[in-house]
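The structures considered in this document are given below.
You will see two complexes here that share chain A, one where it goes with chain B and one where it goes with chain C.
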Partner chain A sequence: MNEEEVLAYLKSTSEKCIRCGFCVQTCPSWNSHGKLEYYSPRARVTLTRGMLEGSVSPEDAVESIYSCNTCRRCLVECPTGVDTAELVIYARYYINQKLAGPSK
Partner chain B sequence: MVDESSIKGTLKLIRDVVYKNLTNEYLPFPMDKALATKWAYEAGVPKGGRVILYTSYMYQMAPVFKSFEKLLPTVGSLARIGFLASLGSRLVKPSDAEVKRASTVLKNIYAITRASRPGVGYLYEEEPYSGALLYELGFIDEFKEYGKRLEEFFKIRGVEEIITADPHTTFSLANYKRLIGFSIPFKNYLELPPIGVTGKGRFVIHDSCIYSRFLNMYDLIRQLTKDAGLEIVDDEKVTGRGIGFCCGGPLGPLNSKISDEMAKARANSLKSVNPEALVFCPLCYENLSPYIPVKDFAEVISP
Partner chain C sequence: MLVKIVGKENVLTKPEDIAPYKRDASAFEGETPIAVVLPSTAKEVSEILSLCNENNVPVYVRGGGSSLTGSSVPLGGIVISTKRFDKILELNITDRYVVVEPGVRLDDLNYYLSKYGYMYPPDPASSIAATVGGSISTNAGGLGGVAYGATKNWVMGLEVVLANGQITFFGGKTLKRSAGYDLASLMIGSEGTLGVITKAILRITRVPESKTRIVAYYRSEDELGAALKNLRDSDINITMMEFLDRESMESVKKTLGIEYPEGAEYMLMIDVSGSSDETKRMSSAALQIISGTSPITFRAASNKAEMDAFYSARKGLYSSTLLQRSSPSETVIIGDIVVPPTEVPATLKEIKEYIRSHGVHAVLFGHIGDGNIHMNIFADMANEQSKQSAFDLLRESGIIAVKHNGSVSAEHGIGMEKVDLLIEELKMKNASVNYELMKAIKNAFDPKNILNRGKLFGAR
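Our next item is the complex of A and B:
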């Protein structure tokens, strides 16, 4: 994927989330972070959507996005098939570009 | 809580220093190659060849990978003064017991591989790191560039098939295939015919997330353990297909405290099923072993 395709992927994947929250309790990171919503798969998807729309800064999302284990446990419960583990890898790519600067 | 400025610093360090190390030396940080390759000298593994066993140093250096968070500042300072591969002695090393254990595991993986791939070789000190860390931390452009270099590296050495020993390396090659068309065939050693593999013991399996949820190896692993004569205790709520929780390993490089919290929680759920766990990944072993007796599959079988 090139950068444009990454943005399109993040947008279409995050828009599939219906915010039902079935993923939340299955997340080991959420469980180990005092069960705070910010550390849940649902929050990671919402924050990613917010970054793309400009309502959330990468600085505000970074801790949530980097607290994901990318274990894919949440995908098992997701009724719309949001693969948060893969979304997080590309959300990290997006954040890396913004915070660490462009590659090379 | 993860400190935001610390994450920014870590990201820059990985992007600027670790990637540079990989580009120059095919290693993310200095490591003691004599320790990492000792097992192969002892086993008399042929050097190089058309088919190679590719460890990516995962079993040998898992304790170091686990402490990557603590290691990064040292990596940064060493990089600034221009040293790398020769300075393994200044860095965290696995203990003698850990080296011995990794050696047993790798010798058995080698024996399983050799049974169906006679003449399989190993690249010894030349062996490159897989680049898994780059992908997991979202450095996709760097990961793809490194993958191209790796493919060329293997092709120059006449490698026509790669046998991997752990999930993270296998997944890296699968991602290279998906992202850049990596063309050298590869298989995980667990996918080879388990010729003459036998073992004993009663275990609860802790599935690697990559094997079970990314590479679809949940059934293969249960069949393999059953065929080897191991007694496996499953509980649908703890070890069911797709259900098992993560050991916390992937978070280790950035937040070892939370990673340990996850390991403790996972170990407690496994203990409710059986007192001893079986793993198939060196990072799962590292994370879980402080909290539950655990063995790697390749150390409880005799090939």
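Our next item is the complex of A and C:
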């Protein structure tokens, strides 16, 4: 994927999310981060969308995006088939384009 | 001040931390709250409410964030997340209750109860995400509604923190109670506008020993209605009675590969439950009744795998229809009307006719046994005309339901979505005074209107 395709992929994938929250409690990262919404798959999708729309900075999303261990347990429960693990991989690429690296 | 009450680690103020709390599963986007607070005791909630009440700061309580009507979307103010209220405190099988905190998720509660052969019956399709507190606040129902009713039938008592911070208790650990106004019931379906639930005493019941699942396909609303009537008129213990329309079946066929016979407009699916002997006798009786209602085909599942396959057609319907969206930006708005079961055929006909004549993309399904009809209405929120058509259908279906002695909401609540429809329903029933009574109750509980401001009553 080139940069344009990554942006298109992130946009279309994040728009598929209906925010039902079925993914949240399946997420081991959410579980190990005090069950804070920021570390949930739903938040990763919301923050990715926010980055693309300009309402969230890459710096603000980085910790959530990098805390995903890409296990795909969330995908099993997602009614619209959002593959958050895959989205996260491309979101990391996007963030890396914007920032120097993964750490704040 | 909030930090002093719950500790620094339990107050979120960074924009990135609070951004995910701005939305729930509805189409509404809220306003960024000042903070998200994560208390874990009634005392902490009490201190937070006392502080907010004194300073006129709105408070929005959030459980699983799975509301379909915007009832958990904040409009500024602060958010109280119940996620640390996640403990099951007491189980009393003899007295048939369980005491839980409001942040316990329904699936987790039922997993715990299943180890003892018991269950808490309200089972909304969102039970993996929905919490006890949220489901009480919206009077959630679910697939078992035909036998078990809604949440209101299963709540015995509630610990509640009032808007001024006072901690009180409504109801108790007894099934029977006749001691003044039933304030526990008043809390159910109040959508967080009257108080914050910090503990709940819930009724439990035994998981049925045995279950048989039967499906039948029909050509028309009248045939479907005849099956509904004859089954409900019998002594058969039906614990689930669902329907899918042809568009729903088509979605399921495309995504899950579950076929349906040619000419079928509706699928009916029922569960018959009881002891092994009872289930055997009753499923045989149900098959006999269904055979007399001119189905295209019908049959009972012969084993668990087949039962699960049938069930996945219904349980997987939400995702199946969502996968039919023409573009990812298309949103699904979910209708939630209810009518007396005998009015279902006529109601379905009228809604179908509206959908046909207005060219709206919508599929119908739901808990037909208790008269609850859901609709997935597809709307491109970026397209004003598409959005308007969807909300017009939502409104029209509500009016049709009221004309058939039903209501604009069965189990999702009013939230931000159906305030006008609620007012319209009361007007149509010559009961507009009820809205004034509701406002008076709200004023008695929360005179400064800090709790879930902007919901149920609209104007902030």
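As a convention for this text, the second predicted complex is superposed on the first by the 100 of 104 C-alpha atoms of A that agree within 3 Å, B and C clash if a C-alpha of one lies under 4 Å from a C-alpha of the other, contacts with A are read in each partner's own complex, and residues count from 1 in each chain.
Criterion: a contact is a pair of C-beta atoms (placed from the backbone, for glycine too) under 8 Å apart; a residue touches a chain by one contact, two chains touch by 3 or more.
What you are looking at is a predicted structure, and each value in this text was computed from that prediction instead of being measured.
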Evaluate whether chain B and chain C can sit on chain A together after superposition, giving fit or clash.
fit
Classify the contacts of A:A61 with the two partner chains as first (chain B alone), second (chain C alone), both, or neither.
second
Can A:S40 be said to touch chain B (first), chain C (second), both, or neither?
second
What is the contact status of A:R92 with respect to chain B (first) and chain C (second): first, second, both, or neither?
first
Contact-wise, after the overlay, does A:G50 reach chain B, chain C, both or neither (first, second, both, neither)?
second
Is A:C74 contacted by the first partner chain B, the second partner chain C, both or neither?
neither
Should A:N31 be classified as contacting the first partner (chain B), the second (chain C), both, or neither?
first
State whether A:K16 touches chain B only (first), chain C only (second), both chains, or neither.
second
Rounded in steps of 10, the angle in degrees at the Cα centre of chain A between chain B and chain C is 120
When the two complexes are superposed, chain B comes to within a least CA distance of chain C, in Å, of 10
Taking the stated contact definition, name every residue in chain A that is touched by chain B in one complex and by chain C in the other, in rising order.
63
Residue positions on chain A within touch of chain B in the complex are 1, 6, 28-29, 31-33, 59, 62-63, 66-67, 69-73, 75-76, 88-96, 99-101, 103-104
Spell out the residues on chain B that touch chain A in their complex, using ranges where they run on.
1-2, 4, 7-8, 11-12, 15-16, 135-142, 179, 209, 213-214, 242-246, 248-251, 254-255, 258, 261-262, 265-266
Applying the document's contact rule, which stretches of chain A touch chain C when the two form their complex?
12-13, 15-16, 18-22, 24-25, 34-38, 40, 42-43, 46-47, 50, 55-57, 60-61, 63-64, 77-81
Residue positions on chain C within touch of chain A in the complex are 9, 12, 14-17, 19-21, 23-25, 36, 64-66, 81, 83-84, 86, 105, 108, 126, 128-129, 318-319, 322-323, 328-329, 331-332
